[in-house]
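Quick notes on the structure that follows.
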Amino acid sequence: MDRNMTKNGNRAVLLISCPERLGIISAVSNLLFSYKANIVQFDQHTTDSRDGMFFMRIQFDLDTLPEAYPKLAQDLSAMAEEYPMEWRLSKESQIKRMAIFVSKMDHCLVELLWRWKSKEILVDIPMVISNHPDAKETVEAYGIPFYHIPMSSQSKEESERAALALLQDKVDFIVLARYMQILSPRFIAKYPNQIINIHHSFLPAFIGANPYQRAFTRGVKLIGATAHYVTNDLDEGPIIEQDVIRVNHRQNETDLKVAGRHVERNVLAQAISWHVEDKVIVYGNKTIVFA
Amino acid sequence: MDRNMTKNGNRAVLLISCPERLGIISAVSNLLFSYKANIVQFDQHTTDSRDGMFFMRIQFDLDTLPEAYPKLAQDLSAMAEEYPMEWRLSKESQIKRMAIFVSKMDHCLVELLWRWKSKEILVDIPMVISNHPDAKETVEAYGIPFYHIPMSSQSKEESERAALALLQDKVDFIVLARYMQILSPRFIAKYPNQIINIHHSFLPAFIGANPYQRAFTRGVKLIGATAHYVTNDLDEGPIIEQDVIRVNHRQNETDLKVAGRHVERNVLAQAISWHVEDKVIVYGNKTIVFA
Amino acid sequence: MDRNMTKNGNRAVLLISCPERLGIISAVSNLLFSYKANIVQFDQHTTDSRDGMFFMRIQFDLDTLPEAYPKLAQDLSAMAEEYPMEWRLSKESQIKRMAIFVSKMDHCLVELLWRWKSKEILVDIPMVISNHPDAKETVEAYGIPFYHIPMSSQSKEESERAALALLQDKVDFIVLARYMQILSPRFIAKYPNQIINIHHSFLPAFIGANPYQRAFTRGVKLIGATAHYVTNDLDEGPIIEQDVIRVNHRQNETDLKVAGRHVERNVLAQAISWHVEDKVIVYGNKTIVFA
Amino acid sequence: MDRNMTKNGNRAVLLISCPERLGIISAVSNLLFSYKANIVQFDQHTTDSRDGMFFMRIQFDLDTLPEAYPKLAQDLSAMAEEYPMEWRLSKESQIKRMAIFVSKMDHCLVELLWRWKSKEILVDIPMVISNHPDAKETVEAYGIPFYHIPMSSQSKEESERAALALLQDKVDFIVLARYMQILSPRFIAKYPNQIINIHHSFLPAFIGANPYQRAFTRGVKLIGATAHYVTNDLDEGPIIEQDVIRVNHRQNETDLKVAGRHVERNVLAQAISWHVEDKVIVYGNKTIVFA
């Protein structure tokens, strides 16, 4: 974990994915050494050492980062043609901008606002968008703009257009903090692997609606929650984090919902932290999390 | 928990299920008091205090248990007509007889044999039955009879008949310790709520075959195991116990299987302990576990 | 668990502790039956069936509870002379009044305020008292009175007197939500087994100050939190609840503090819920929790 | 995790510890690249990017490993003078040799023997040594030599001398699987950071004798186990792994011991796996575990 309470202006994270090939670690570490970068943490994973996929996360400090950044990015681009690799270089000082979408239930929203205020999750929150007006007061008490955009099956296209207009150029990623609407493929395409949803079951169990009711009926002994990136396949996107909690026969359906809330907010907050700290690489329908 | 290392000749457990009705606790406790029974532990659960179902487990000591048992059973029968209730009275000194069915993988089998030998699970094991000869030596080293009954889709009826003949009058309940055959409704009907299976996923996720492979493909962050009573609906019987373990991107499918083994054997052993100690009441497709 | 979102005017909880004696369950259940009380949940524990201690919690519904309460209490008093037993009869409709003491760190405070507002913890909060002014705005935003009572070693007696004056007749129990002052025996004596503290370690490890620093230095792989009743022996009171979280070498001391916060607030909130629902019986320096 | 069921003759692990210095990752990865080594997994941790300690684990495949090993080791020696660094290069094909010391309780022993037989822990076990004769039959059933060396305070020096003679040149590391004797500094000095003990509490709680009894008396809600390297300070050595299990008021001291067994054997087996796979680096009194 890496929960520094203040951002380091000289710190950056480099994420690389590519087909396995000899010498890539050597090449990248030589490049960083040529800049005199101090490597703080280096994580690498290969699905297969011969013909698998290669994933790497390097966190480093570089005194001259602000000036050196453009040249370093250029060097990485050149390297990317040779290998070929996908890469992303994030300056820790460049705070990510997170929009929160919420419906009526506010437990995840409140958790995120509190972690934002206490600087546990280091993001900017330019706006909260809801299809209900209920959370307006809570959100504005934190000095964050709140937008109420009603949603109905008829108005969906128009509503999403309104939301996209608000988000445009202001937001890097979106969190669905118990947002009870299904986003259209058109919307999702604007934020690929940049929309995080919390589902209130340990997916793939109880995919779809009313997971707590179905968990109660099935008589499971554990209930859970799953944070995942949103794709066009409902509840089928790459899983970032999951957790469960033990329940028993004394708990009725309402009790399960209440117990589940605490798992939901912890799982969602954890997934967001990893996303913000550039610890998650999506590969196919799975995630590599360098936690 | 109640893992006494030796059985108490004067201890008994009374399990009662019935539609909720006023005065039942009073009636039952008066009856036990009239016998001068010392109540050790009393657990009761009502699904709804007005018109729900009522479940009760009373563990008690009675100096004269061996002599008093028949009369007490008679009194309970009389009471059962009045209320009406289902009941079961088990003497702790009457050791339950457990058969183990196993296929090739022996991790659950070995765990159960070890817990049996170390008196953690207080049962008799009159036999182990397998559709493969592999476990013969392991089982016989414990002095337990091993029967190899090959199974094929053609021979199924005959093989089950052979197994039932072996079990007849010798066994109270059956544990499927990674037994990779589906029992017929005819077989299951002989042991209602007396066959415990371990499924290698946190049901209802990954119902059916190859759960670890599917868990790997789906990229879940937790894998689990589920112990349940066997019914005619495959993997759908009443769940007794479940648990999970955290996994990550470094673990391939084989690693998941290995990690899962340890959850499987713990979950199965726990479920068996509760069953043996008369802590489980089946109601509909769910269990009440007075753990 | 029993997290009803609204209080039931006819529901009550009876707690009983006494030396083990034959017939007590029968006597109590007959008494309740004579009132036509519907028993919702019945939990009983005996440390030893011959000469141990006996603990019982009965949750019941009684249509005439408001009128019948005084007579029932009188009957229990009479019974208490015979057995002899300690007992407490709580009407669920009589909301407990909880004061919160806090210092500078507000994570536990915020969690409790949120659970109070969302009716997960059904209490009244007549006041929050702090030795620092920091939390004033947060508390008053919830419409709850906030009192700043500075504390120094010189002013301790006077400050405690001021706090006691505020609490008098207004508060049933006190929660120390990361309150970094040691209460005097004189203060504690006013609220025996009615002051709940959260300690930021899995006691008895790291008793005393700076547990996270000491956990980091020792290199433990789990950190935890402990909610306990306050006694005159610092960090030695009866434990109500504990939990832990896994940590690793990547986390520095600050990271441990942040990770620990989430355990602290969950453990404290859980302990308070059990206390409020009359599920905790203190016996010697231990607790029986009928969770 | 990395639990390959068979050893890879071309696979090696390089562990490096040194004071943080610019360019070390670059230097090491260039060296490995010059051998055409395929890096499978690369883990690195720095306590502080300026003047901290640097730890690294590189798992790699090298077709010519058997031939290239001596030259590679020579190159690493040369590099170690420049930087300066401590390093260790382990061939996966070189199976580590593990001795088990045990007293009367055999639950950890049995777990290890089973994991050894099922190839979950890939070691050779040249011998089991015990101060009691009890485990002889169990051990020899696995075809492993068993030595009974009685221990008394008078005979300690002599007994340890006898044990050391047996171990000499035959064993790489030692596991104390509930071995109830304290080893002398003289003995420990022969196997620095190569003796793994399982302590039956979540250290540092309940250091010393009878932790379950003390846990019961204190009324903790979690009991645990700790695997650590043995040093001259009893129960104070570097912690490798810890875990806990939830307990409640129904469990007496014997129940705690039984419940704790399962934590003990899992924690010990996990720690051994990490040790065997060269995933543990000891630094001061702490461990870095690249799990």
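The chains carry the letters A, B, C and D, assigned in the order they are written, with residues numbered from 1 in each.
Rule of thumb we're sticking to: a residue touches a chain if its C-beta (ideal position, glycine included) is under 8 Å from a C-beta of that chain, and two chains touch if they have at least 3 such contacts.
In this text, all values refer to a predicted model and were calculated from it rather than measured experimentally.
**Q** If you average the Cα atoms per chain, which one ends up farthest from chain A?
**A** Of all the other chains, the one whose centre lies farthest from chain A is B.
**Q** Which is it for copies chain A and chain C: same residues on both faces, with over half shared, or different residues?
**A** same
**Q** Quick one: chain B and chain C, Cα centre-to-centre, how many Å?
**A** One centre to the other, that is 36 Å.
**Q** What whole-Å value do you get for the distance between chain C and chain D if each is reduced to the mean of its CA atoms?
**A** 42
**Q** What are the residues of chain D that contact at least two other chains?
**A** In chain D, the residues touching two or more other chains are 41, 45, 250.
**Q** Under the definition above, what is the set of chain A residues touching chain D in their complex?
**A** The contact residues of chain A facing chain D are 20, 22-23, 25-26, 29-30, 32-33, 36, 38-46, 49-50, 56, 60-61.
**Q** Touching residues of chain A toward chain C in the complex: what are they?
**A** These residues of chain A touch chain C: 1-5, 41, 107, 110, 114, 118, 120, 141, 250-251, 254-255, 258-259, 262, 266.
**Q** Along chain A, where are the residues that touch chain B in the complex?
**A** 45, 202-206, 218-222, 224, 238-244, 248-250, 285-289, 291
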